[in-house]
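Two complexes, one shared chain (chain A), two partners (chain B, chain C).
Right, the complex of A and B next:
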């Protein structure tokens, strides 16, 4: 291949038809407030663990919605449960409990 | 003379035997459920004279006199004391009475071992006795009258409490089902029935002023009717039997359980399992008195009162499905107010924590990444934190720390409220403190929020990391800004040789040593006691002293140990923002009782929570100090 000095990155296109949202629906039923997230990112900006890692509540939710469960769970593992994201959330979402629910609903085998 | 036996005593004797056996077996079971070490500690404490003496004193104070309730609500204290002490004394005096009139004792009782007749003789003494007008007998009957009157006055208050709770100073009383109502009814009728039975034959058996004149002469018109009399004796015995048989399954189980609880507590034991051993003794000791309902901030929201300590304990006891109990556990704010008022000192929060620790999380936390962090100054991995240069940088930062004697750790929450950290910096500078700001660039969490979710082992990773950083700094004093940190640092960290202070304590110390020059203002301040500082560690005076030096301290409606949680508590896992807001509003209303100009608190979480809804300015105590010094 001729090197043109740039490359094409892999497509990040997600085919929603292939995504199994069974677990996410379960999560949503338990925590209906998850629907009101508007991805503003305040939670990420304030995240304690985010200072040292790539934890981001906003991303976790987006990833779960799009079936990228493995990646999301990797992030959840690093959360310190401090609850600061809950304090700053512009929609008053109980983020901390959602994070806890995720660790109860998802597990490493079924994703 | 009549024989010393009559079939009507049987219901009582059988039920009493049942209760005694039940309690003994229950106690043995609880003691066996204790962890080995605890069991040994408990048995040892029973023998040592010093702890035995304390046991005796506490048993009298708590089981009979109910001194703790007296302190909070005198009327209720009297109610509990009169029933407990009165009944106890009637049994004791009754025993002496039946011993004193020894002609009774000499007789053999048909079909029954002596032991059993000892059981019922004091209770049905008047049925077997014959009138005696000696002084000794008069004294006994006076005592019996006195205690009977005492009990009846207590029952009278209990009836009022049931019908009109506000009259005895309660807003809400515990709600009960039919079974509990039946047991209570049987308890309330024991003494009236006893009175009727004794009165009905007071001309033969003799009696006191009560039974003889009020009862026999007035009520029965001075006539003795054998059938009627027997009916009353049977009813009295059956009523006792109903009460005794249902006792183990009702809240009255607290009578025997409380005694065991006091012994276990004096042995220094604590809850380790949510439904076994010590916790079980606590659960059975709760008489559902309902003192914890009104004070619980959760009862501000309609229906949430169902999550208060009394219902939580009852649900565990009923063996409700784990899911219900778990939901209640996760709702609680862990503010500790229910424990503060509980007359039995039931540490329901320990049970809740033990229950939370049982939660199964499929995904475990992973804090391996902390191991590679040299200190908090390391930034995100994508900023190449792991490159050799930054590692070295942070090493030198750690070096620098070791030279200072005082370490300031703001905690993750305080980074949400930069006014606190800024104010603390200013105070340190003016006080010329040789300090190092450990987490100037942000920190990891102290671990308490994690522990509250039940992930104790995982929280350990955070605790270990912080311990390592603090120990490496070589500091002698550690100053914290967040009460949540303060609690976990005090209770879970092993920081021997390092003095741990919350900034209220530190600032107060500076003021007392004249290290700060304060320009007083004439504002009226009200102070909100954060749960983790006030109820958890009784730090009430330091912040008040600081405010006294700055402006006018006005009291809120319920101060100090009765302060209402701000509602923001990370203790609750499932509470929604709407529910929290109700609690916050109520807490603010309490603080605004005397129309202060400003609300002062000492917790970043309280500050953040109040600031959203308070009608006046809310500031941290460090900020008002920093603003008045130059």
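Right, the complex of A and C next:
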């Protein structure tokens, strides 16, 4: 076969049909307040670590729900556990506890 | 029928319109108002969304309609006693009235911006409220507004916020913010105007047109993200922090003027009246209607009615419509049930 130098790009779609939410459901069962995020961005705006890295609580939660578990867990590693996001959250979400739960649940599965 | 007196508590738009309608139905309304003037919040406003209609003109029309109604200013209720279906009401001047029905039209208070300390109201000079900006439009006197080059509006101040125990949406601030943004841009055409919103709730007739006008004709820039804190730099300018949530990046911005869109809260002192009338609060702290579909103007207490923003945040047209329906409910109660 002649190589014309063309290839097919990998799809950037999130394939929701293939997303396995088993771990997220476990996380959600432990922290039901995770459902109440309204994406106002306060957690990210106030985040001290987020000023220098790509850590963003709001995005982490969304990524886990869209099957981007590896990327989310990478982001969590940059959190300094200062808890400012918990102080500002308009919905009163216990962000610190959720971050600790993510570390526990996803690390057990070596993600 | 016209021997029936009805006490209306509050001389804001709801109270005035209810009184006007009751009068047209042949009844005798009496309005009591705790402050020294008629009009409530409407009297403080310059123009009204969505079309920037003149607030004073509307108030004058409402006042004209009640020129034959007895209005007691500077009056508070000291005591209410119910005997059968008659309420014996004693006012602060010890004057007493026997009325057949009471319509509570106590409206709302604007959220006290200083409660959100992170926004710096009362700390930094150039942080003002929506009500203060409206006053400026009326009087053009506010030394804090001095040729601002960059202006920010913070939506949802004291609304949708569990930290101040107000989880509800105040409904009117989105449209008010865009209206005021256009108006201040009109005043200072060289200024950049930014609105920091979470959701733009443009639900009413003409609101979406206002949004489009703000973008197209006034170049208002809307940023989706809640402002998390305000500080002041060495030059005395405001520095705000928010996340541009659509981009997923935290942002910082220097401003000359920041306007806080304070939402609605239950009016101060209304609990005292609720206790006297034996009517409860709903989960948002406002007065509870009997049911929100067919009993919006009714309460669980016979003879006690409600209209306007005392039951939940409401726009002016909604308030006036509710006042008219309250009048019908009162009429129905007096002519059929009594």
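In this section, the second predicted complex is superposed on the first by the 95 of 111 C-alpha atoms of A that agree within 3 Å, B and C clash if a C-alpha of one lies under 4 Å from a C-alpha of the other, contacts with A are read in each partner's own complex, and residues count from 1 in each chain.
Quick note on the criterion: contacts are C-beta pairs under 8 Å (C-beta built on N, C-alpha and C of every residue); 3 or more make two chains touch, one makes a residue touch a chain.
What you are looking at is a predicted structure, and each value in this text was computed from that prediction instead of being measured.
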item	value
Which superposed partner A:66 touches (first chain B, second chain C, both, neither)	neither
Chain B versus chain C as contact partner of A:76, first or second or both or neither	first
Touched partner set for A:51, first chain B, second chain C, both or neither	both
Touching partner for A:90 - first (chain B), second (chain C), both, neither	second
First, second, both or neither for A:40, with chain B first and chain C second	second
Which of chain B and chain C A:106 touches, first, second, both or neither	first
Per-residue touch tally on chain A - higher for chain B or for chain C	B
First (chain B), second (chain C), both or neither touched by A:26	neither
Chain A positions touched by chain B in one structure and by chain C in the second	46, 50-51, 88, 92
Complex contact set, residues of chain A against chain C	38-47, 50-51, 56, 58-59, 88-92
Chain B - residues contacting chain A, complex	359-367, 369-370, 373, 376, 378-382, 385, 412-413, 416, 441-445, 449-450, 452-453, 455, 462, 568, 570, 573-578, 605, 608-609
For the chain C and chain A complex, residues of the former touching the latter	118, 160-163, 198, 224-229, 241-245, 248, 250-251
Chain B partner contacts - residues on chain A that touch it in the complex	33, 46, 48-54, 73, 76-84, 87-88, 92-94, 96-97, 100, 102-108
